[in-house]
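Report on the structure given below.
Chain lettering (A, B, C, D, E and F) follows the sequence in which the chains are written, and residue indices restart at 1 in each chain.
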Amino acid sequence: MSLHWTQHLILVPVILPLLAGAALVPLTQGWHRLKFWLSYASILGLVANALALIHMTDGGAWQDGMGIYLAANWSAPFGIALLADRLSSIMLLLTALLGLASLHFSKQRWGRIGVHFHALFQFLLMGINGAFLTHDLFNLFVFFEVMLAASYGLVLHGYNAERIRASMQYIAINLAAALLFLLGLALIYATTGTLNMADVAGRVPLLAGDDLALFKIGATMMALTFLTKSAMWPLGFWLPTTYAAASPPVAAMLVLMTKVGAYVVLRLWLLIFSDDAGAAAGFGQDALLYGGMATIVFGAAGMLSTDTAGRMAGYAAIISSGTLLAVIGYGQPNLVTAGIYYLIGSTLAVAAFLLLIELIDRIRTPRSAMLALTMEAYAVEDAPVEPVGRGVPAVMAFLSLAFAACALMIAGLPPLPGFIAKFGMFHAVLHPQVVATAANGVMTGPTTIPTAGWVLIALIVLSGLIAVISMMRFGVRTFWASGVLVPPKLHRTEVMPIIFLLGLAIGMTIQANALFGYLARASDAIHRPATYIGRVLSEPTLPGPASSPAPTINLTPEAP
Amino acid sequence: MATLLELSIGYALVCAMAAMLLCAIRLLIGPSAHDRVLALDTLWMCGMLLALVLGIRFGTQIYFEVAMLIVLVGFVSTIAIAKFLMRGEIIE
Amino acid sequence: MKRWLPHPVVSLLLCGLWLLLNQTFYPGHVLLGALLGIAAPILTRHLNPLGYPRMRAPVVALRLLGFASVEVVRSCFNVSRVILFADYANLKSEFIRVPLTMRDEYGLAALSCLINMTPGTVWTEIQPDTHELVLHVFDLHDAAWWVDTIQTRYEQPLIEIFEKKGPHGDPA
Amino acid sequence: MELVLSLAIGIVFASGIWLVLRPRSFQVLCGLMLMSYAVNLFIFAMGRLWIDAPPLTPAGTLPNPAILADPLPQALVLTAIVIGFATTALYLVVMIGSRGLTGTDHVDGQEPDL
Amino acid sequence: MTSLPLILLVLLPFAGAIISACLPNTSRNRPAAAAGVFTLAALIIAISKFDELGAGQVVLERYEWLPLFGLDFIVRMDGLAWLFSIMVLGIGLLVILYARYYMSKQDPVARFYAYMLAFMGSMMGVVLSGNLIQLVVFWELTSLTSFLLIGYWQDSNDARRGARMAFTVTTAGGLCLLTGVLILGHIVGSYELDAVLAAGDQIRAHSLYLPALILVALGALTKSAQFPFHFWLPHAMAAPTPVSAYLHSATMVKAGVFLLIRLWPALGGTPEWTWLIGGAGVITLLLGSFFAIFQNDMKGLLAYSTISHLGLITVLLGIGSPLSVVAAIFHVMNHAIFKASLFMAVGIIDHETGTRDMRVLRGLRRAMPVTAALAIVASASMAGVPLLNGFLSKEMFFAETAHVGGTEDWKMSYAAVAMGIFSVAYSLRFISVFFGQLAKDLPQEPHEPVRWMRFPVECLVVLCIAVGVMPERVVGDILAVASSSVLGAAMPAYDLAIWHGFNLALGMSGAALVLGALLYWVLLRRHDLRERTRVPVLHRLKGAQAYESTMLALSLGATWIIRLTGTRRLQPQLLVLMSFMIVVPLLLVDPWFSLPPVNLLNIEPLFAVLWLIGAACAAGAAYKAKYHRLAALSMVGGTGIVTAITFVWLSAPDLALTQLMVETVTTVLILLGLRWLPPRLVPKVLKLTKAPPSTWFRRSRDSLIAVGGGLGIAAASYAVLMRSPPPSIGEFFVLRALTEGGGSNVVNVLLVDFRGFDTLGEVTVLSAVALTVYALLRRFRPATESIAIPVQQASDVDPTKDQAPAAQARHGYLMIPAVYLRLLLPVMGVMAAYFFMRGHNLPGGGFVAGLIFATALIVQYMVAGTDWVESHLRLRPHRWISWGLFCACFTGIGAWFLGYPFLTSHTAHLDLPVLGELHAPSAFMFDLGVFLVVVGSTMLTLVALAHQSLRSHRLAADATRVTIPPAKEIL
Amino acid sequence: MNGIEHLPDWAALVVSLLLIVGASIVLIGALGLLRLRTFYQRIHGPAITVTIGAGSLLLASMLYFTVAQSRPVVHEVIITLFILLTAPVVSMMIMRAAVYRDLRARRPDAGATAGDVYSIVDEE
């Protein structure tokens, strides 16, 4: 009896970038072409692998759509289990595709300046993928750290004063947050005696009294870390600064990292504090909801208050984080579906925007920007000359089109996926779906929409409006600036990734239904924690190489 | 005799701990940087001895390893600081 | 032989260290220890330009060690007494110079070890221009006595041990 | 023992927090180091305190989990120590880089406007 | 022809847009031709659909879109939609033709036509939408394309401003509409138009009716430039005139009223509807017409006139009687016809004279008689002169207003008459440019435009007259079909005759004509109308300024919010994080845990003393870290060793070993770094004066948080420690470590086997950090104060001042230490091997061994300097890292080939002669990988730092070593 | 406390004696570190700790384990070896660092100028 080879696919997203990274470490700068292609091959592998995983999870190859990989062949609560389900597979795909775009973008310039860009990039991918896959809390911490460690290096890549200032902040905040993660983890272990997420979830209903309180404190600590990562107000002030400072391909990856926090919250909260969790059910949901709302407000205000594109992108990411957190806190499966769709769309949009910024900056000389600003501020009237339209070179046309697409997606205006996502969320809020769980049993009919739902809709609409206003303001200043604009030289490798990302977004619109269907299945699955607990804990190991009968011990906690 | 041994082990522990405390006070009050270095080094040394005595008390060899490692590498940080005081940088 | 085992004594010592650490005489460990003992000096030879010393007068060395041990214990109790009972205001702690004739690094190192291990004296440095040893004495009564003791009791035996027959080792 | 260790963790952590909130990067570095000590001890304490019961199970004996320290927190702390070491190194280098480029050791890379 | 799908009507314009966008900028005829062809094709299809419609008939096509939300893409055509389609396509065709001649040679027309067609497509989408969400999608697209069109002349500031204003207002409205539509969908349970229209009663009875109505109305009113959102339309006149003619008179602004007509069956017929829609309409129609009189720009006048006419339609819809709906539809049609022609006429004037300023223009009748005639007829229609189409619908309007108030309330009628008066006045003002002497000072010599440029105007004017003269024959059917599609069974009887006899409406028309002329005369003669620059009485009502101020206020408000609730500084962020750590559990966790009683007898005094030391060191470090870094570092080291002793005391020898090693290496590392961190000196000022209150506040706040955090964590750990442990997975490891993990050191087995995956991640972290440090330091620029060699090396006091590092070790002060430390090297190597080999069974392991090894090497660096060591030893830490990672990975992957998951450990049992049985667990290889990575990354980090000194020494050597030494040593 | 009861009396006595002596010396050394006036005096305090103090305790440990486990346990020799290899370097380095620091800082009262070896140059 041995493992079917497809099982190993679950591990590939972690191990492939690690191997690629290891191979990249000793290569010197003289080999930059080889480095790039090595890196590229790894990411292509990841894309293919992610597609295969999606196929496996959604194609019924694995029971309940989840593949479980027991690293080192130890059964679930003891060893480290990796779990690929629909949600993690789609996130892996998103990571790989975004990585592909970022890496491609970096070919021209960023991959060559400074050393070890590619190796760190691979490690970053490893960390992100690992965080998506792992089903063990401490392993999650480790992958968070892998991700962060690599991201520190990447944020600093192309070292200048601004970057180093930003990364000082970024690093300090994240180090402090990592300590909180450890505190939380320790408390969870102390109260439940286990680290496997499913096992923790299985033991939570049995907790009571002081243990429960301590467990909740632990969960709060961990949540603070994730929320810092996903930039919930007031924990996310580092984000715009960091985004604005980091080099574009890195910033694009950072967008995804921000989502990792939200992803983990989504996964953990639905698993641990589900309706089956007894006294702990629904813990902290309100905080997430209101925190998310506050984050939306903050992000919207930020977008309006800033003139720099990088910060704008940062605030856009904050808005999307806030939306996502509020959606999670709202606690409704079909809303979560739309939320994940929104997550994917907004990640693509903000990432494309961040890549685009660099190209835009090449046309936007500081002088012309200043001029546009003054003219706007003082409402300078035109000299009464016959206005003449100006021909737009193809480069500019591309840039402005791409910018418009990003703006539409970020603002959630039709016809790009931002709108569909937002519509999906509104629809979900307005059509409350009550999950039939063991706890409450029956479906109830159409219920009234809680005030929070209306507020959420209003906030999302308003944030979209504000986003579009500020993006438009920026766009007008940039693309319609007076004075002669010299169309910049763009390299094909820089243009392709943006087209690729936007193309993906458009693909999301066209395939919205299929994608929504997939995500609905994904969301449905993560709303059934019992399945996870059952599956993960019962995944059999292979009989040991030197199979010696081990003493059996009973570790299931007894009900008090 | 076993009582005597126990008592003397206890005495040794107290002494080692008291010595550590005194070192720590010196470490805290300084006044100069080299005083602190010296205190830190002695603190390491006392810690090593404490580990050794604990080893006797519990009758296990595990503490010995720790003591050995303290002796082997504890000095590195001391000479690093000393060199730093002397030259302003530790690796020239 | 010379090529594969350039420093037999060092190798033996390292092997001994290994066996001591593992507290065993298993053949496997002996083999491993021997391997390490041979490999370690070879691998580090570039970083040790002086090579390793050759002991030439083991009897002298033993005698020196014996004398030094006594001295260490004596000084130790002296220092303890001073710390516990003396009036610190009258304590005469001073630096003194001791002219040295020995040039051999290992000899000097051994000297420094002896001096530093003797409580009450701390080796400060060898002044580069005069080749005088600067020594700090905790409770100085008679500087000349110290100079004399160090030169005759310590330095002479060490010269015998390390320096007698020309240069040693092979500077890498 | 428990009380002492708890208080100790508390004090070290408090010192760490205080330092982390200071404006100078070196202070923050020290603070992070202290905090990570405290956190390591905290994780360690989650396995409860055991004296003379290192989790070693020599061959030939049947291990008895009831009289050996919980090994898992120790393994976690070990990993945490290593990661803490790495991040300290990183923060340090960023700190000196920042001092060099920005001319100040303020954590923001610029002196606050007074 | 009839078989052609309706969706072509939407797709064709978009296809045309794409094609014309792809044409080169320089081409002029081809884009126009392409646009024309596509529009014409669509128009023909649209016209051909009329036969299928009949009374109340609906043609529907359904495409799957988002079935998950019950959303289909529905193309739905009924009479109303048909009418609007014809307007959009027909006028579009004319405008395309017109624009071909209007746009100048420099203008990149390809882009222009692309925008135009995209707009046309969006508009068709709005008109033909069969579900409300789809409608909103196209609705927003019209806003977007209109934005692009208004901003077409992007160099002009007015264009940019106008575009932004229009876009902001209409998009905001669109989002309101979206919300409203969502509510409708929520009420009805479907977004499909048919379902919504059928559920009128349900909607009106629902508690959410009012919000839905308001939101939908906001959408419609913003789009149709109704008060108080009317201000964007005049500013949108910065667009090229064809755009104004098309979007801002004939089509886009009609989208708002279209929506109101569309949803009238669902939403209309309530007092709220009447008040909201009618109220906005009345105000708009009066304001618009009044403002129009005082415009100097011909397009401005037309813009206000458009606003007022849209107000008229809105009022009709607000009145909400079936007949008024018919009137509204009729007026939509008429207004589109005459206003488009007027705009085009203005465009011709502008094009031929170079100005649109009515203060300058005079007597154009002489220069361009045909255009003048056309314009005069069209404005007559606008003024409501009989026998023209405007008259008819206005007549219906007057009749409705009279009807609505009954016999008591005449307010509505007064308003209507006032509007009529104003419109006559501004129409007169408009045509005044054709009379009088021909102006001499025009930018260009005016003359008639080319034939085909006038042709569209002619078409429309002919239509004006045709409708005006024989309404029933020309538009009777169309109006009937369109109206019945809205009204259904409620279709009223009406008569499209020119003459209805002497009735009230006619009286009102007559009064308006006479009084309007009078008003114009009075204004001209007494109030200097031609030279006025501002609107009397109501000039304070500046919507645009209000908009700008709102935008500014929004921006300022946002900045204020960000400043208030955000920060860019690190300290507040950490403050928030730390206080959240304390506060959030307090807020969320309920019930709180209880603290077990404190038993002081349980305290082990020695342990207490140990931690007295540790805590004192920590507190001391906290106190000293600002100015005395070395002291703080030493004290942190003190805490470190106390921690290590605690670990060994509490049965965690592995941790103690690791802690000790890390402690050492960290100290070395920080010292290496401190070299580049110039000392902080206690400022004299601070020493003398007391700290300011703000500092005290900050410090007490921080200490409060610190104490709180400390207490919290202490309480938590005490609570945990005093509780009996839960059944833990820890036991499993103890039981299986030896039997299945193959090692007796459970912690190590955990690291390399049970949780080897963690360790893999951990070494990756180390590698990543080392690479980062290396990369960062390669381009490191030290602080100016620390570029110079340290003061210690510059001072004459020390005789080693000028010795090179290697020389120091050879015969300098380091000679004796060097002997010791070099002897130590192989010993430490053996020790590293020892700790490595025993790791699996006893405390130790790859990590500790790696650090010992690295320490041994770094000591050599300290002794002899970087140059010397590296000339004797090439370490290549990068390769160590690489090999280490490979080693660990491939050990794990090796299990694959045996059919096991990653990292499954295997033990090879070898039976060797002499040596006996030998166990070679795969975990050993894994640990070797760890060892290699640890050595590699530690060395890479340390050596990279050490190399900095080398660089600065070279620098200093170049500058003959006399650089300014720093003022003070680092303490 | 495994094995203590089984220790023969003579061994227990010797071990106790060594422990008491060693520990006392350690304490005295630390006391010296704390109480002595100048740094140059204080540096002599720990010297007794590392020699007799550590030596006695190591001997005690060696004896104890040898007797308790009835086999020669001599690996404490390693620690002795390491002390011999490291302690001199440490005191040498600290001492020299201290001297030159005090000289540079021109602190005549620090004790670096005691004896006629080092003097503070009055220049610059």
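The criterion applied here is as follows: contacts are C-beta pairs under 8 Å (C-beta built on N, C-alpha and C of every residue); 3 or more make two chains touch, one makes a residue touch a chain.
Computed from a predicted model, the values in this text were never measured in an experiment.
With contact taken as defined at the outset, chain A and chain D are each touched by E. If you tally contacting C-beta pairs for each pair of chains, A-E comes out on top. Relative to the whole-protein C-alpha centroid, the nearest chain centroid is that of A.
The mean-CA centres of chain C and chain D are about 39 angstrom from one another, to the nearest whole unit.
One simple way to say how far apart two chains are is to compare their mean CA positions; for chain A and chain B this gives 49 Å.
Averaging Cα coordinates per chain places chain B and chain D 21 Å apart. If each chain is reduced to the centroid of its CA atoms, chain C and chain F end up 17 Å from each other.
Each of the following residues of chain E touches two or more other chains: 568, 570, 574, 578, 633, 649, 653, 713, 716, 720, 725, 728-731, 733, 735, 754-755, 758, 762, 765, 769, 772, 776, 791-792, 798, 813, 816-817, 820, 823, 827, 831, 842-843, 945, 969.
Within chain D, residues 20, 25, 28, 40, 42, 45-46, 51-52, 54, 56, 72-73, 79, 83, 86-87, 90, 94-95, 97, 101, 107-108 each touch two or more of the remaining chains.
For chain A, the set of residues that touch two or more other chains comprises 138, 142, 145, 149, 152, 156, 159, 168-169, 172, 176, 183, 187, 189-190, 195. Applying the touch definition to all chain combinations yields A-D, A-E, B-D, B-E, B-F, C-E, C-F, D-E, E-F.
Partner chain F is touched in their complex by these residues of chain B: 1-2, 4-9, 11-16, 18-20, 22-23, 25-26, 32-35, 37-39, 41-42, 45-46, 48-49, 52-53, 55-59, 61, 64, 67-68, 71-72, 74-75, 78-79, 82-83, 85-86.
Within the complex formed with chain C, the chain F residues making contact are 25, 28-29, 31-32, 35-38, 40-41, 43-45, 47-48, 50-52, 73-75, 77-78, 81, 84, 87-88, 91-92, 95-96, 99, 111-112, 114-118. Taken together, the chain A residues at the contact with chain D in this complex read 138, 142, 145, 149, 152, 156, 159-161, 164-165, 167-169, 171-172, 175-176, 178-179, 182-183, 185-187, 189-190, 195.
Residues of chain F touching chain E in their complex: 82, 85-86, 88-89, 92-93, 96, 100-101, 103-104, 121, 124. Across the complex, chain C is touched by residues 799-800, 810-813, 815-816, 818-820, 822-823, 825-827, 829-831, 833-834, 837-838, 860, 864, 869, 872-873, 914-916, 918 of chain E.
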